[in-house]
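What follows is a group of structures, each given as structure tokens.
Both complexes below contain chain A, partnered by chain B and then by chain C.
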Partner chain A sequence: MSAVLPTVKSAEVGAQRIVFGVMVAFFLIGPALGMYPVFLMKVMCFALFAAAFNLLIGFVGLLSFGHAMFLGTAGYVCAHAAKVWGFTPELAIVAGAAAAGLLGLIAGLLAIRRQGIYFAMITLALAQMIFFFCLQAPFTGGEDGIQAVPRGKLLGVLDLSDVWNMYGTVLIIFLAGFLLIYRTVHSPFGQVLKAIRENEPRATSLGYNTNRYKLMAFVLSATLSGVAGATNALVFQLAALNSVHWSMSGEVVLMNLVGGLGTIFGPVVGAFVVLAMENYLATLGFWVTIVQGAIFVLCVLAFRRGIIGELGRLIRKPL
Partner chain B sequence: MADDTILETRGLTKEFKGFVAVKDVSLKVRKGSIHALIGPNGAGKTTCFNLLTHFLTPTRGQIFYKGQEITGSSPSAIAQMGLVRSFQISAVFPHLTVLENVRIALQRKRGHSFDFWRSERVLSELNEEARRLIDAVGLAEFENTVAVELAYGRKRALEIATTLALDPEMMLLDEPTAGMTHADVERISTLVKRVAANRTVLMVEHNLSVVSTLSDRITVLQRGEILAEGDYNTVSKDPRVVEAYLGAGHA
Partner chain C sequence: MVFRKLALAASVAMAMATAAHAQISDGVIKIGVMNDQSSLYADISGPGGVVAAKMAVEDFGAAKKGMKVEIISADHQNKPEVGSSIARQWYDVDKVDVILDVPTSSVALAVNQVTREKHKLFLVSGAATSDLTGKACSPNTIHWTYDTWMLAHGTGSAIVGTGKKTWFFLTADYAFGHALERDTSEVVKAAGGTVLGAVRHPLNAQDFSSFLLQAQTSKAQVIGLANAGGDTINSIKQASEFGIVKGGQSLAGMLVFISDIHALGLPTAQGLIFTETFYWDRNDASRAFAKRFAPQYKGNMPTMVQAGIYSSVLHYLKAVEATKTDDGDKVAAKMKEMPTDDPLFGKGRVRADGRKIHDAYLVEVKKPSESKGPWDYYKVLATIPAEKAFRPESEGGCELVAKK
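Right, the complex of A and B next:
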């Protein structure tokens, strides 16, 4: 009997390893298959953003409806640091992520004691404040954003204006962030998060100060969203208002619903599907929004578990 | 406060929108005893537990644990002080295995709980102790079963094993044998007696044979107020208790 658990677990891990391998291979050979490197870099940034968001909704049960504030703030800080302060790209990304983490700490302290819809509302309200701040503040460039951000030289040596250097850097950042989230979910801390999600009063009665754990998860998620936003700003050499707009907070929810909430790979697949739709349906103009809305409704009604969630159920292994 | 009192309440009162669920309850629990809290449904027993562990904030009154006032302490801080409750409605982590359920409790004291960068494999160092606790409540063959799949009585047993994993100085058990089969009741009451050897237990219990065999002292609650207090013989002969509680189909 006691041998059952390890084998079940290792079969799960085995399936996840294979999918991980497929994912890495996809991003490695994607450009060779004719996909635009800039598009794939965008996918990786948003996949990291979606995975960071999923850490909260999927593994703690917290629905933040203002996650764009972390993505966007980090983008602005990174762009400003690289362009005005002359930071090297790695330091500009760190600065962006730190700003997002700090904002996450403040937002978390304000929101974490609220439950359900109130939590979502507070995060949304804070995100709106950040949006208006970015619209009005002198250094964010208003409607224009911060443009022509220099990509600079990584560690002072690797020139990121070369698209393949940039591509490799984004791939490494994405994989590191993804693996950190995977590890967090499968860590002693992740185990406590799981317990809180399953039965919060019981976790409290066992002596866990559940708000502290939720806050920690929130700050982690905000910081990683910041890494995604900062990296994205370097890729496009731009920090713009759309990254702090509420529709961006909605888009990350959509990515997770499409890919599968609470799965490991769902956010990546969801980000790819949603961005591919935007990209390839762009000629449809405003129809994109309607098609997206339809997919959203379809996911909620038909495959509630999302693409990866349904796939995992099919092969009876969590992916 | 007398030296051998571990838990004391003074004038504990809880009102819900004008309705008084717990009224002026002053209670002393002796260290090392098994103290039963009985009374008809709606008497306020569960509310008392919620107040003691600060899952609810009292309208009035004070609570002292080991000589220290804990009225305003947070629920998790109270648990960390060694005053640990169980729930009337069985409280397990439904999609974790039996082993994982118990490990969650062990993990809090043994550390790593904020370590998000470490593999969960470090938790396997807790397996041996977890298995000992699981064995003690008779769940050895279910250690890899997901909790939601356990029969009701076994869920309660798991809950007790999880509570015991904290090695609490004082346990609050809310109807530990409710809804159990006769054999399960036997097993749980034997277990409670055994684990109470070196700790204090305050329990809400409807099964009077369990109450009579286990408890050193009994407090009877009715409509939020203490109706009677004493050992089983005293309480069971009290005419008011007989009328209010034992008479109501329980005797």
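Right, the complex of A and C next:
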């Protein structure tokens, strides 16, 4: 798991810059290459979600098994704000992210007191409670979800019902979130997180209040997941139960395993691969879940570092 | 001035040219069947829905009439986002003209929205929510086979009509279950029955024993199952273990399909009462259809959802033939204007709110001793006439009706 050493050298940064450029170029010219823009928007939302999740598992070593609660809660709050309260899209996304952040603070305060399987179980239990809440609360629409959410006008001027305006907005949100995570990982704060991942007692003995760092990372991850969930709700104009279901928490783990845990670009590649399977196998009529399961097993058995992790090892640079 | 006249002439000429053409977009009528093909709802339509659509195209004689019809399908995995993105992609990229089926209410509502935006057509067979012709109704959506209102009212009033007046509900504890319980209770009371009580069980429960015990001790004549899918199956199985039906109480299912009965088997499911709009063994036409359908779909008899797909495709193609276009708005209007008539559902019509109406049947599952062979499952207890089977247009709150 600790294949990536947390030292920043200029050559490595160079390699990462190139990959970053490739990624941006991909999302810029993807639609022109015949990829469906709505699909790419979904990929970007889930790439941000997976990257936020990776911030915890990959860089702090905390396996949360309830991240769907942040994605879903933010989606519901954003959809409700945009549809019922008439918020503009940017405010609706902020409201969704804030709700996820707040939930992250509460969940984090409880969960970071334990480690390993106990941490995972606490987050899973909390996520199940949120699922139950979303199923029962009157404003979520139960089984039907919140449908027909208006995309509205960004800052009151840019009409998001135009697919390209929406695409640009999602791209900017995704890149901003991605760069924030990149910056966090390479900041002194990120170094402390990695120290906690490698050896928590030693980090404590060096004088760091590890719980506070873990909580900050947790809240940051929850908030960014919320941004992803809220944006996703606007893209699809709906918020529904499957985004808070535990299987969504599983899917984000799958994305990270396929792409590469603890790598910068792994979650993005993983999200793309998993969603592409979901999307393109659907129209081919395959049994999507079975193929997904097989790929999951293949990944864990054959290339445990994930696509980007293995690639990084090949060129001997962390990506 | 001259330029303006020329432009006018040119635009008139162009308009005439396109009007003269048969306006089938890119020459192909493309039908997209979207449903659950691998998970819990795969049996009620799934790949069988595609078979039914293909049969309808053949029976219509599209090839002979020079109409090119293509059918594609996709698995929405019961996720509204997946369904919504497939629908968008189908309409935008793949030039799909009409989407069929779509079980799971949340997915159907999402597709309903996309279809309306893109001015295409959505023929719902698999989804249950009556919101599709109520609050969320759209000029581009026609709800074909059944809905929650019809199930609750059909089963509720018809059973009270057979003399079983006291009810107890086993309700899934979320919005869908509550709505079913509320609707059915109202009908039962209106028909002169009484509701003795209800017990709520969590969604996807495994153990129904304590709930069934309460239902049993209530001494109600009918135990109404206001739940769906796996919950219904599990409660029926465990009710059979408790000997509830043998003890003289009846089980009434709200959302049950013939594929569920097939999976449960007659010894377990016997005595269950519920409403369907199609039964393969009802008349010669339905038997003939089922006989052709079964070999193409692993020997399974068609469910009402699959029959609904067949019927809706037939009517759709008739409307396309009549209007000479596959434009969603125009075909939808034509489908509402023309009366429906097909071998499976008989004569009927499509109302302004998008509700297709036809007779419904209250059925009881046979005892193993009464069944003459595989798939001989139902006794038809009562026929509910079309005009009474579905929610009156004025009560749905659909904006399309209010405008009239």
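Here, the second predicted complex is superposed on the first by the 307 of 319 C-alpha atoms of A that agree within 3 Å, B and C clash if a C-alpha of one lies under 4 Å from a C-alpha of the other, contacts with A are read in each partner's own complex, and residues count from 1 in each chain.
As a working rule, a contact is a pair of C-beta atoms (placed from the backbone, for glycine too) under 8 Å apart; a residue touches a chain by one contact, two chains touch by 3 or more.
In this text the structure is predicted, and so the values were computed from the model without any measurement.
Colleague: Quick one: is A:253 in contact with chain B, with chain C, with both, or with neither? Answer first, second, both or neither.
Modeller: neither
Colleague: Using the superposition on chain A described above, determine whether A:145 touches chain B (first), chain C (second), both, or neither.
Modeller: second
Colleague: One more residue to check, A:42. First (chain B), second (chain C), both or neither?
Modeller: So A:42 only meets chain C here.
Colleague: In the superposed arrangement, which partner chain does A:194 touch: chain B (first), chain C (second), both, or neither?
Modeller: first
Colleague: Is A:242 in contact with chain B, with chain C, with both, or with neither (first, second, both, neither)?
Modeller: second
Colleague: Thinking of the overlay built on chain A, is A:204 touched by chain B (first), by chain C (second), by both, or by neither?
Modeller: first
Colleague: Give one of first, second, both or neither to describe whether A:56 is in contact with chain B, with chain C, with both, or with none.
Modeller: Neither partner.
Colleague: Would you sort A:289 into first (chain B), second (chain C), both or neither based on which partner it touches?
Modeller: A:289 contacts chain C only, not chain B.
Colleague: Which residues of chain B touch chain A once you look at their complex with the stated criterion?
Modeller: Against chain A, chain B makes touches at 53, 55, 74-77, 79-80, 84-87, 91-97, 99-100, 103-105, 107-108, 112-120, 122-123, 141, 143-144, 162-163, 166.
Colleague: Which part of chain A faces chain C closely enough to touch in the complex?
Modeller: 36, 38-39, 42, 135-136, 141-145, 147-148, 232, 236-238, 240-243, 278-279, 281-283, 285-290
Colleague: In their shared complex, at which residues does chain A touch chain B?
Modeller: 1-2, 4-5, 8, 180, 183-184, 186-192, 194-195, 198-199, 201-210, 213, 216, 220
Colleague: What residues on chain C touch chain A, complex-wise?
Modeller: 37-39, 47, 72-82, 84-86, 88-89, 92-93, 105-106, 109-110, 112-113, 129, 131, 136, 173-176, 203
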